[in-house]
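See the structures that follow.
Look at the two complexes coming up: subunit A is in both, with subunit B in one and subunit C in the other.
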Partner chain A sequence: MRFVVRSLLQLVLVLFAVTFVAFGALNYLGDPLFNILGPIALEESGPEYAEVRAEARAQFHLDDPFPVRYGRWVGDMLTGDFGRSYSNQVTVRSILADKLPVTVVLMVYAQVIAIAVSVPWALWTASRAYRFGDKASTVVSFTMLGIPVFALTVLLFWLFAIRWQIFPTRYEDETIGQRLTSLFLPAVALATPLIATYQRLLRTDLISTLQEDFISVARAKGLPKWYILFRHALRPSLFSLLTVFGIQVASLIGGSLVVERQFQIPGIGFEVVEAIFRDDFPVVLAVVVVVSVAFVAVNVLVDLIYTFLDPRVDFNG
Partner chain B sequence: MSEATPLLELENLSITFATPGGPVYAVSDVSLSVERGKALGIVGESGSGKSVTMKAVMDLLPSTATIGGQATFDGTDVLTMPSSRRKHFYGVDVAMVFQNPMTSLNPVKRIDAQMTEGMRYHRDLSKNDAKKRAIELLELVRLPDAPGRMRQYPHELSGGMRQRVVIAMALANDPSLLIADEPTTALDVTVQRDILNLLDNLRTDLNMALILISHDLGVVRDRTDDVVVMYGGRVMESAQTEDLFADTRHPYARALQLSIPDISKPRGQRLDPIPGSPPDLSSPLTGCPFAPRCTFAQDDCHSTLPVATPVGDGSHTFSCLHPLGQEATV
Partner chain C sequence: MASGRFRKLVALFAALAIIASACGGGDGDSAATDDSGGSSAEDTSTGTDTGSEEEAEDIGADDSADGSEIESADAVTEIPVGGTLRFGMQTEAGSLNPTNTGLNRGPIMVATAIFDTLVVVDAEGQWHNNMTESWTPSDDFSSWDVKLRDGIEFSDGLPFNADAVIKTIEAFLADPLTSLVFKPAFDPENPIEKIDDMSFRINAMGPNAAMPLYFAEQLGMVGSPAWLDAAAENPELDQEPIGAGPFVLQERSQDSSTILVRNENWWRDDVEVYLDAIEFFPVPQPGTRANQLIVGDLDVIHGTASLMILPLRGADEDILRVEDNSGEEFFFAMNAQVAPFDDIRVRKAATHLFPKQDYEEFVNQGASLLADSLFSPESPWHDPSIQQEHDMPELAAPLIAEYCAEVPDSCTDGKVNMEYQYDTNLSNDTIFDLVSDAMSDHFNITVQSIPNDVHIQEVIFGQYNFASWRYHGFSDPDVDTAFLTCSTIGALSINWSRNCNEERDALIVAQRQTQDFDERYAIWQELQANLRDSYQYVLATHTNWTVGAGANVGGLCDAVSPEGASLPCQTRGVPRLDQVFLQN
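Here is the complex of A and B:
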C-alpha cells in the first residue's frame, strides 16, 4: 500500500514539474497565433483583422495570465481533454490515438532487441572475462556507443533498404508482419547504443557476482558452467541493467524523434518535431505528459521487478 | 600415516599464482593424505596455503594458478582427470563446505532449489525425490523445522542454520570425502562447537573422510586422526594428532599449541602469541619460512631449506633443522 501511494505521489510531482517547465518554456517560444490564423493574422493590418485576431486570442485564451492558462490546461488535461492542435483544429487526443501506438511498438521493439542481444553477449563475455573474445567485445561495444544514431540510421537504411533491399524503404503497417519488418531497421538503430550499454553493465556485474562465495559453492557441487552462469550468476547481476533499462526509456524517446523522422515513420516522435516547428503547443504538451507518465510508470515497474529479482528487497521500504 | 591406501593423496603439490608483480609461490611441495573414513586436520594461520591447497583439489583456483605435483583420489589423478570422470566427481565423490555461511548460499534462490539442484544434476532424481531427500538431509544436520525451511530464502536463516544447510547440501550425493574449510570461523562461538560436533558425528555415521581446515589447533585436537601443520605454503609438521601434541618437533607447531586458550590454566596467565607476520611468498624461499619468527632459529635456518624428516615409523614427519627434542615438549 505504501508503495502504491508513493508511486502515485511520485507521478504527480514529476508531472507537475515537467509540465510546468514545458508550459512555461513554450509560452515564451513564439506566437501561436501565426499558426492558428495563418500569415494574414500578423501581416495584415486593419480593424477587421484585429477583430479576427482578438476573437482567436479569446478562443484559445492567449491573453490570460500564465498561471491562469496553466491552471486551465491542467484542469482540462485531468479530464482527458488535451485541447486542439493550433494548426488544424484536430483534437490532440485523436492525434495521440493515431500516432502513439506506432511509437510504442517501436520502443518496445528496440528494448526487446537490446535485451535479446545484450544479455547473451554479456554472459558470453563474462564467462571469458579478460580473454580475447571479451576484449574484442569491449571494442565493439564502445564503437556501438560512439556511433550517433542519425549516422547509424543512414548507414542501415542505405545498406539494408536501398542496396540489398532486405527491408522496405517506407513504413507499411497493413499487417503485423509488415509493421515488424518496416520497423526493424529503426528499432535496430535505436537499440544499438542500448545493446552496448546493457552489455557493459551486465558484464561488469556478472564478473563481480562470479567472484562470490556462492559461485564457488555451486562449482564445488559440480554443477556445469552454463548452469552456474544462468541459474546462479545471472539473476543477482541484473540490478544495474534493470535500473538503466528504466532510465533509457527517456533517451529512447529522444532517439525516436530522430529515427522516426529519418525513416518517415508516422509516430509521435515525428509528430512532435513538426509540432515544435509550428509552435503547436497543445500537441507538444500532450506528448510531454505522455512521455512523463510512461517514464514514471516504467520506473515503478522496475521497482517492482527489483523485489522479484531479490527477495531481500523490501517492497514497502 | 598408515599402510592402507589413502583416499586422497597429495604428492609434492605446488601452486604458483601469476600476478602483475610476478609469481607468488602460494604452496610448495605439500604432501599429505587422508584415508577412507578418517579425519585429517590442516592447521596454519592466514596465508599458510591450507585453503589454496584444498581449492586446487576442488578445481576452484583462478586461471592464474599453476599447479605442480600430483593429487590422487581413489586411484584417479585429480589434476588430469578426463572430462567424463570430472563430470560427476565434484559434488559426488568430494564435497566442500566453506568458511562463510552468510555468503555461501545464493541470496536469490530458495533453500529447496539450492538443496536439490546437485542431486538432480548428478543423480537425475525427480523433483519430488530430490525434495524428500533434501528434507532428510536437513533433518540429518538437525536443522529445526526442516520441511518449513525448504521454501525460505537464505536471509531468513541465521548463520548457524545456514551452515547446516551448506553442510546438508554438501552431503547430497554421499561424498566419500568432505572438505570443510574453516567451517566455524564466521560463526558465533556458541554455535561453533555444535557445527564441529555435527561434522564429527556425520563423518562417523556416514563413514566419510573429513579434511578439517582450521587456524586453530584446538579445533582439530579432539576431532581428527591426523594433523598437518602448514606455514608459508609448506608442511611444517605432519603426524597423528596425539603424536603431534605429545611429541611436538617443530617450533611453529609448538608455538601454535601455546597460543590455544586453555580453561584449565590458572587465571591471569597470558597466551603466547607468535610475534611477527607470515612470510612474503613472492620470491622462492631459501631457508625455513618460519625462521624470521622462530625463537629457536640459528644461522643455517635462513639459508637451508629443511626437508621432511621422519620420527620413528615415518607417520610423523617434521621439516626443521633444529627440532625440539622430547624434553622440550609439554
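Here is the complex of A and C:
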C-alpha cells in the first residue's frame, strides 16, 4: 500500500515538474495570441482587429497571471480537457484518441520484437560465453547499438520498401494483418538498439548467475542445460533488463518521432513534430503529459514486476 | 558441426524471407493508360487565350511485360466503376473551409472535389460556365450579372442559389486573411448584390474584363449556408466541409488522411463519377512521394520538387507524368520597405549575385524552366527580350561598396547585413546553402528557417528582408495583379515585396479595360520591363507542377465542362478527379 502511495506521489511530482516547465516554456517562447490568431494578433495589423484580439485574450485567459493560467490548464487537464488545437480547432483529446493507439501499438510491437530476439540470443551467448559465437555476437550487438535510429530507418525503408518492395512504404490499417505488416519495418528500426541493449545486459547477468552455487547444484543433479538456463538462470538475471525496459519507453517515444515521419505513420510522434512546426502548443503540451504519465506508469509497473521475480524484494520495507 | 549450424542459419533466413514476402504487397499492375486531353474547347467564354501548356508523357506506355498492346484510356470501351484512389499530396491544410483559410495546392484539390467551382478554365486558359449558366458584363466591365445553374443541391440537401453564393463571398471578404487576395478586385461599398433567387451582380473595383476567372478556384467554391453558419459558431466544423461537388467528405484526420466518397446526388447528369472514394495522404517528403507511386503504394501524386520529378522521369514503370510549367514562379522577394533592400542598389546586387547556373546544376537539375520574368516561355504573355542578370558578382561589388559607404549602420565589415527567410524543408535548405554561399562575399546572412504558415504570415506582415516565395502564375495575369499594386501594400500586404510603383499601377489599370490580346500583350511587355527594372524579385524558376499517376489510373485528362470544353489534366498540380477511374 505504501508503495502504491509513494508511486502516486512520484507520478504527481514528475507531472508537476514536467508540465510546469513545458507550460512555462511554451508560453514564454513566442506569443500565444499570435499562435491563435496569426498576423492579426499583432498591433501593427491595425485597430480594426482590436476587438478580435480582445475577444481571444479573454477567451484564452491570456491576461491572467502565469500561475493562474497554469492552474486552470492543470484543472482542465485533470478532467480530460486538453483544450483545442490552434491549428484546426479540433479537441486535443480527440487527436490523442486518434493517434495515440497507433504509437502504442508500434512501441509494444518494437518491445515484443526486442524481447523475442534478445532473450534467446542472450541465453545462447551466455551459455557459450567467451567462445567464438559469443565474441561474434558482441561485434554484432555493438554494431546494432552504433547505428542511429534515423539512419537505420532510412536504410530499412529504402531496402525493404523501395528496393525489394517486401513491405509497404506507408501505413495501412484496414486489417490487423496490414497493420502488423506496415508497422514491421518501423518496429524493427525502433527495436534494433533495444535488442542489442537487452542482449548485452542479460548476457552479462546470466554469465554471473551461471556461476552461482545453485546452478552448480542443478548441474550436479544432471538437469539438462536448456532447463537450467530457462528454469533457474533466467529469472534471477532479468533485473537489469527490466530496469532498462522501463527506461527505454522514453527513447522509444523519441525514436517514434523519426520513424513515424519516415513511414508516414499517423501516430503521436508524427503529430507532435507537425504540432511543433505549427506552434500548436496545446497538442505539444498534451503529448508531453501523456509521455510523462506513460514513463512513470511503466516504471512503477517494472517495480511491481521486481517483486514477482524475486519475493525478497519488498518496496514497503 | 559447423556445416550443420550453417544449414540452420540458411534455413532460418529462408523461412524469414518467405514470411516477409508473404506479408509484403506486390505491385501487380499490368495495364497502362494513355490519357490524352486538350481537344479544342467550345468557345463559350469571354476570357482571353493564355495558352498554358502541359506536357503529358506516358513513359513506356507501349511496352508491357507480356508483349500485349496496352490500351489507352480512350480505347477502353467500358470504364470500370468503383475503387478507392490513393492520392499523395505535397501539403496538408489546417482548415478545409475556403472562406477562412488560404488553401494551397493540396488542400485546394480536396476542396475542389468537395465544392466544385462556379467556373472552370480550359487548357487554353479560357473560362467556361460550370455551376453558373451565364456571366453578362456591363459595357465597361465594371459589373457582372451572373445567373446560376438550376437544379443544384448541396450534399446536405439545401438548394444552391444566389443566397448561398452571396453568403460564401461575403464570408470570404469578411475574413481578414483570405480577403487580402480577393478584396482588391471588388467594390468595397457594394461588392455583391442579389438580383433574384438564381442571379446576382458582382461589382468590381473599376473595369475588370477578367472577373469570371477569379471564380475558377478558391473564390468560386460555394459552401452550404447551413454549414457556413455552423462553422462560424464551431470552428471544428471547418474540418467537415459541405459543398455541391462530385465527392463528399467521409472522414478526415489531419496529417493522416482525408477520405472522400462519391456524391450520389452530384448535379452533373452528363457525366458519371467512377471512383467510389478518394483517400488523400499528406506526404511532405518529395522523394518518398515519388517512391510510393513507383512501388504502387499510391495511385496519384503531385508536387514541384526535383526530388519528386526526376525519379518519375527516370522511372521504368508505366508511370503517367503530366508536367505543367505554365504557372507559379519560384523567386526571392526582397522587402523594399525595410533596410537594406529598401535601397535598389542592394536589390540589384542580390540579383546579380544569384547563382542561377549552379542553381540549375545542383538544385533544379532540369526539373523546371529557369525564369527571367513572370511568364514561362510556354506562355503567350512571355517576352523573350526580358532577361534578369545573374551570376555577375563583379557588378555587385561596387554597388555594395557604395551602399555600405552611405549606410554604414546596415553593414558590417563591408558586407550588408540581411536576414534570409524560408520555410523549412529539405529543398529550401539546399537552396539556402547555395544562394547564401554565392552571396556571402557581400552579405552577412542570418538564416531564419521557419514553418510554412509562420513564413507566410511574416511575409504578409513585411517582417522579412529576403524570402523565398512562390506565387503568380494564374492563367490570366490580371488575376495576379493584386500582388503588384500599390493599393495592396499595408500593415498586411499581398504586394509581397512592398514595392509601390505608380507607373506600374497605371499599366495594370490600362490592361484591365480591354479584352484585345494584342493590346494587352503590349501593355504586359511594358509591365514586365517595369518589374525587371524595379528589382523586387530575384527570379529562379517557373514552377513545374507535376502530376504522376500509376498505370492503373485512367481518365486523368478526360474531364470536360458542362458545355463540353476539355479541361486540362491538371492546373498547377490540381487535377480534376471526377472522371478518374481505376483499372485492375
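As a working rule, the second predicted complex is superposed on the first by the 306 of 317 C-alpha atoms of A that agree within 3 Å, B and C clash if a C-alpha of one lies under 4 Å from a C-alpha of the other, contacts with A are read in each partner's own complex, and residues count from 1 in each chain.
As a convention for this text, contacts are C-beta pairs under 8 Å (C-beta built on N, C-alpha and C of every residue); 3 or more make two chains touch, one makes a residue touch a chain.
Since the structure is predicted, the reported quantities are computational estimates derived from the model, not experimental observations.
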Task = Please tell me, clash or fit, for subunit B and subunit C sharing subunit A in the overlay.
result = fit
Task = Applying the touch criterion given at the start, work out whether A:181 contacts subunit B, subunit C, both or neither, answering first, second, both or neither.
result = second
Query = Draw lines from the C-alpha centre of subunit A to the C-alpha centres of subunit B and subunit C: what angle do they form, to the nearest 10°?
reply = 150
Superposed model, subunit A: greater residue contact from subunit B or subunit C = C
Query = Once the shared chain is lined up, is A:98 touching subunit B (first), subunit C (second), both, or neither of them?
reply = second
Message = Is A:132 touching anything from subunit B or subunit C once the two structures are fitted on A? First, second, both or neither.
response = neither
Task = Figure out whether A:89 sits in contact with subunit B (first) or subunit C (second), or with both, or with neither.
result = second
Query = Does the superposition put A:223 against subunit B (first), subunit C (second), both, or neither?
reply = first
Message = For A:28 in the superposed arrangement: first (subunit B), second (subunit C), both or neither?
response = neither
Remark   = Distance floor for C-alpha atoms, subunit B against subunit C, superposed on A, in Å, equals 17
On subunit A, positions contacted by subunit B and by subunit C = none
Task = Spell out the part of subunit A that touches subunit B in their complex, as residue ranges.
result = 212-214, 216-224, 227, 231-232, 235-236, 309-312
Key: subunit B residues touching subunit A - in the complex, by the definition given at the top   = 58-60, 87-92, 95-96, 98, 100, 103-109, 117-118, 121-122, 153, 155, 166, 169-170, 172
Query = Hey, which residues of subunit A end up touching subunit C in the complex?
reply = 38-40, 42, 44-46, 49, 52, 84, 87-91, 98-99, 160-162, 165-170, 177, 180-181, 184, 262, 264, 266, 270-271, 274, 277-279
Inquiry  = Quick check: in the complex, which residue numbers of subunit C touch subunit A?
reply    = 20-21, 23-27, 92, 94-95, 176-177, 234-236, 238-239, 253-257, 281, 283, 288, 291-292, 294-298, 424, 451-454, 457, 460-461, 490-492
